[in-house]
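Structures follow.
Presented sequentially are two complexes of chain A, the first with chain B as partner and the second with chain C.
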Partner chain A sequence: MLVRINAIALNTFREAIRHRILYLLLIFAVAMISFAQILSLLTVGSEEKIIKDFGLASIDIFGVLTAVFIGIGLVSREIERRTVYTLLAKPLHRFEFILGKFAGLSLTLLVNTAVMAVWFFLVLLLKGMFDWRLLIAVLLLYFQFLLITAMAVLFSCLSTPILASVMTLALYAIGHLLWSLDLLAARLTAGWGKLVCRALYFVLPNLGTFDIKGEVVHGLAIDGTRVLWAAAYLALYGSATLWTACAVFERKELQ
Partner chain B sequence: MAARAAVRDPRRRMALCAATGLLLAAVVQGRLEGSRGSNALHPLLYLPSGKYLRVMSLGFEELAADVLYLWSIQYYGNYDIKDRYGYLQHIYGQVITELDPHYLDPYLVGAMIMAVEARQPEMALRLLDKGVENNPDKWIMAFEAGFLCYNDLHDYRRAAYYFKKAIEVPGAHPLVRRLYAEMHNRAGDKRTSLREWSEIYRTSDDPYVRNVAWNHVHDLKVDVDVADLQDMVSRFRDRAGRAPRRLRDLVAGGVAGALPADPEGREYLYDPRTGDVRYRGGLVLGR
Partner chain C sequence: MPVLDLKDIHKSYRSHLSIRKHWVLRGLSLAIEPGEIFGFIGTNGAGKTTTIKLALGLIFPDSGSVRLFGQEAAQVELRRRVGFLPENPYLYDYLTGEEFLDFHARLFGLDAPARRGRVRELLERVGLANRGDRQLRHYSKGMLQRIGLAQALINDPDLVILDEPMSGLDPIGRREVRDIILDLKARGRTVFFSTHILSDTEMICDRVGLLVRGSLKAVGRIEELVSQEVPYWEVALQGIADGDLPCGQVVSRRDGRILVRVDSQGDLHRLVSTLNGGGARLVSVTPGRQSLEDLFIREARAPAPPQAEERERHAR
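Our next item is the complex of A and B:
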């Protein structure tokens, strides 16, 4: 099974690195990280904060865009090009196909994030502003990309690329707004409304779990177990999303 | 010839049209900027509160705060805009610092613009109060508030209140303690000032600081001792119906337990005719 997943993953990776959008996003990210240096000249103080904020935000934004725009076409493009029939005619389970696709994009994102991070750290090292805790922030951002990739794969199985991208981006927005749902639940008196708010708070993906940009940039304390909890959340929520995608793809009628 | 060839080629013609369109758009934009005038209010001034912007920023609150702070520096630094201080409280107090409560520069720079440029020190203090509340581990916020009260408002008691807050934060600059001690002196509380300067003298390892502290301790001790002795003379007069002939009479008359010596270990001078107590040396700081 692992050999088959591995083969699909490597093929997906090869396909993804030929994608023009990947390079376009990468160039934009590198340009934005570099641009932060020029922007920091306009400020009074806080040069370091601005460079770090822009760098981490660039990695975040362009990583998410890569996950969404490549992720949404992973399954639908194979169906559209009819290459999926050739693949599934071989001794390959449908779930292996989905897991392989996910693994391939995860590898692409790893390379993508590493390139952005190396450039970012290089800029910081040259300016003498490097902080090891930034590595943790980037690692958690990568975890977030993996969860978004899982969601993109699920929507790619369910719908057309355009609709899948809209739904994935909507879930990304919701994932960063969940704290407001928690606030709303706290304001409501006990009842159905509060119960629904609490249920949604735990059911929807909480992407705030992977966001420690502010803490790292401001040098605030970070809980030592934060990365472990985030990894556990990713493993559980991500696998639940992927198994749902597998189940959807198993039932999908391919004509 | 080359120009004619370029016009005949359809692709070049299209590129030429696009370039012309862009150029004209830039000219129109320039005219728009000109017609708007430098006194027109910037649209960013109408931003909603940072509480709502936090929701809209989708996890990029710090980046949004950076962008708005950068804009505010350019906007408030533009002396061509005459009435640019109308929304200071909103931009710094309710937008930028709500988006990123741990971002120190907007508090410090915002307070400086409010106090120095807009002449609104109370507004600046409100912003710094918020900074102290959101960043209790940063002494600089309370220090800036204290310095504003000292330098601009000449409200030394309030300055002492803020400097005390600053020195309670671990890692506060030693200068804050000196300012705290001095504020009590300026507020007329020489005893507390003497106690604080004595403590600085006792605990500092820096010879320069010890020298400065000693000068303050010297003069304050003289002031406090003279005031105490003068008070004892008055009490003696009330009790005995006459002024003491010499200072030792204060001890004999039960008004004082012991007489304070001056910083050099000598007795203070006393004039029985006027009842005045004086220091026989000169003050170091000459205040």
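Our next item is the complex of A and C:
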């Protein structure tokens, strides 16, 4: 099983790194991180905070875009171009295909995030602003990318590439605004509305779990349990999402 | 025991917004025997690709059973013994020929030395030994078809399923694919391929199946299928005028010889018996042999049977 998942993962990684979009996104990310220095000169406020904030936000946005576009592209294209036919005609279980795709995309994102992070840290080191907590912030961002990749894989199994991209990006936005749903539930009196808000709050992905940009940029202490909780949340939510993707793909008619 | 056994398969599709079912296969039963080359012919949209996808578990039947090597085809492990080339394959164009074959070999769990040996052997077998290091995006259509065939053979399968392997190929490419199919048979493998290129089918197939609108209209050895009936005779006569012919249709005249076509055995007797009295001479009688193409066109043009429409109504 692992041999086959590995083969799919390796091929997915190979396809991703030979994809022009990946390099385009990386170049943009590196440019944005560099641009933060100029921006800090033009803006009122602490230069260090702006560079860190802008750098982490750039890694976040370009990482998510990579997860969505490369992720959805690589899964949907296999189905659309019918390359998946030759694979599934081999002794390859459908769940192995999905897990292999996810593993390959995770590896791609790891390399992608590492390149962006190294550039970001170099900029900060040159300015004497490096803080080890940034490593944790980037690690949590990577956790978030993994969760978004799992969702992208699920939506690719359910829908067309465009719709899958829209749905994943929408969930990314919702996932970062989920605190407002909790707030709304707290203000509502007991009833259906409150129940629905609470249910949605627990069902939808809470991407705020992976966001410690504020704490890092402002030099606040990071609670160790927060990182552990983020890892546990990724493990639980990510597994559930991938399990659903496998179940959907298992029954999918490859017309 | 058949290598591939389809029994009473019904398969329908439903478009996204429609509640109406579109029937693709209607009670298809077909058995492919070990060691044979089976040609699956039919018009576009007849259900050939659907049948192949069902055999490989890419789609699922509404009813009926699909068995591979005597076992339920849904078992993934059975595909260790199967090779498949889809129609107009879009292969991974960012991979080189070697990488492409190596990737597929990995899915069978072959170790690195075994993979290297197998890849080299197959590249040679499909005539791409010196092109293995080129990316597939630089391959011609014929080369893509050949590398696609090579991936179908990576596991040295007992059953090779090919969907339209000759489509879009030039005569040389078709010849090469034909030779590979014949070579597989010589090695004792079973080949099941769909096509609408009838000349190739006649040339290499042990048996053919004719699929029309989701139903198998004929199956058997080509000689059995096309010699079931003699639809007409061509009679060559000498020394007879057109006006003296009791029946038939004049096909040609040359050097006092006349070629007449008659469409029934009764007409043939009448024509031959008129020769007894006059000075005319019978030169030859040639039974018009039906070709696979005649059978194909006749079945494809035949109106849909009422029970098929009935089933369609029933399904709505």
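Just so we're on the same page, the second predicted complex is superposed on the first by the 252 of 255 C-alpha atoms of A that agree within 3 Å, B and C clash if a C-alpha of one lies under 4 Å from a C-alpha of the other, contacts with A are read in each partner's own complex, and residues count from 1 in each chain.
Here is the rule we use: a contact is a pair of C-beta atoms (placed from the backbone, for glycine too) under 8 Å apart; a residue touches a chain by one contact, two chains touch by 3 or more.
Quick caveat: nothing in here was measured; it's all calculated off a predicted structure.
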Fit or clash - chain C, chain B, common chain A: fit
First, second, both or neither for A:253, with chain B first and chain C second: second
Touching partner for A:3 - first (chain B), second (chain C), both, neither: second
Partner chain(s) touched by A:88 [first = chain B, second = chain C, both, neither]: second
Partner chain in contact with A:176 - chain B first, chain C second, else both or neither: first
Contacts of A:214 with chain B and chain C, given as first, second, both or neither: first
Chain B versus chain C as contact partner of A:50, first or second or both or neither: first
For chain A as apex, the angle formed with chain B and chain C - C-alpha centres, to the nearest 10 degrees: 160
Partner chain(s) touched by A:15 [first = chain B, second = chain C, both, neither]: second
Minimum distance between Cα atoms of chain B and chain C in the superposition (Å): 27
Chain A-touching residues of chain C, taken from the complex the two chains share: 13, 53, 56-60, 76-80, 82-86, 89-92, 94-95, 99, 103-104, 106-109, 148, 151-152, 155, 161
Chain C partner contacts - residues on chain A that touch it in the complex: 3-4, 6-7, 10-11, 14-15, 18, 81-83, 85-93, 253-255
Interface residues, chain B side, partner chain A - complex: 55, 58-63, 66, 69-70, 73-74, 100, 102-105, 108-109
Chain A to chain B touching residues, read off their complex: 39, 42-46, 49-50, 53-54, 57, 60-61, 172-173, 176-177, 180, 207-208, 211, 213-214, 217-218, 220
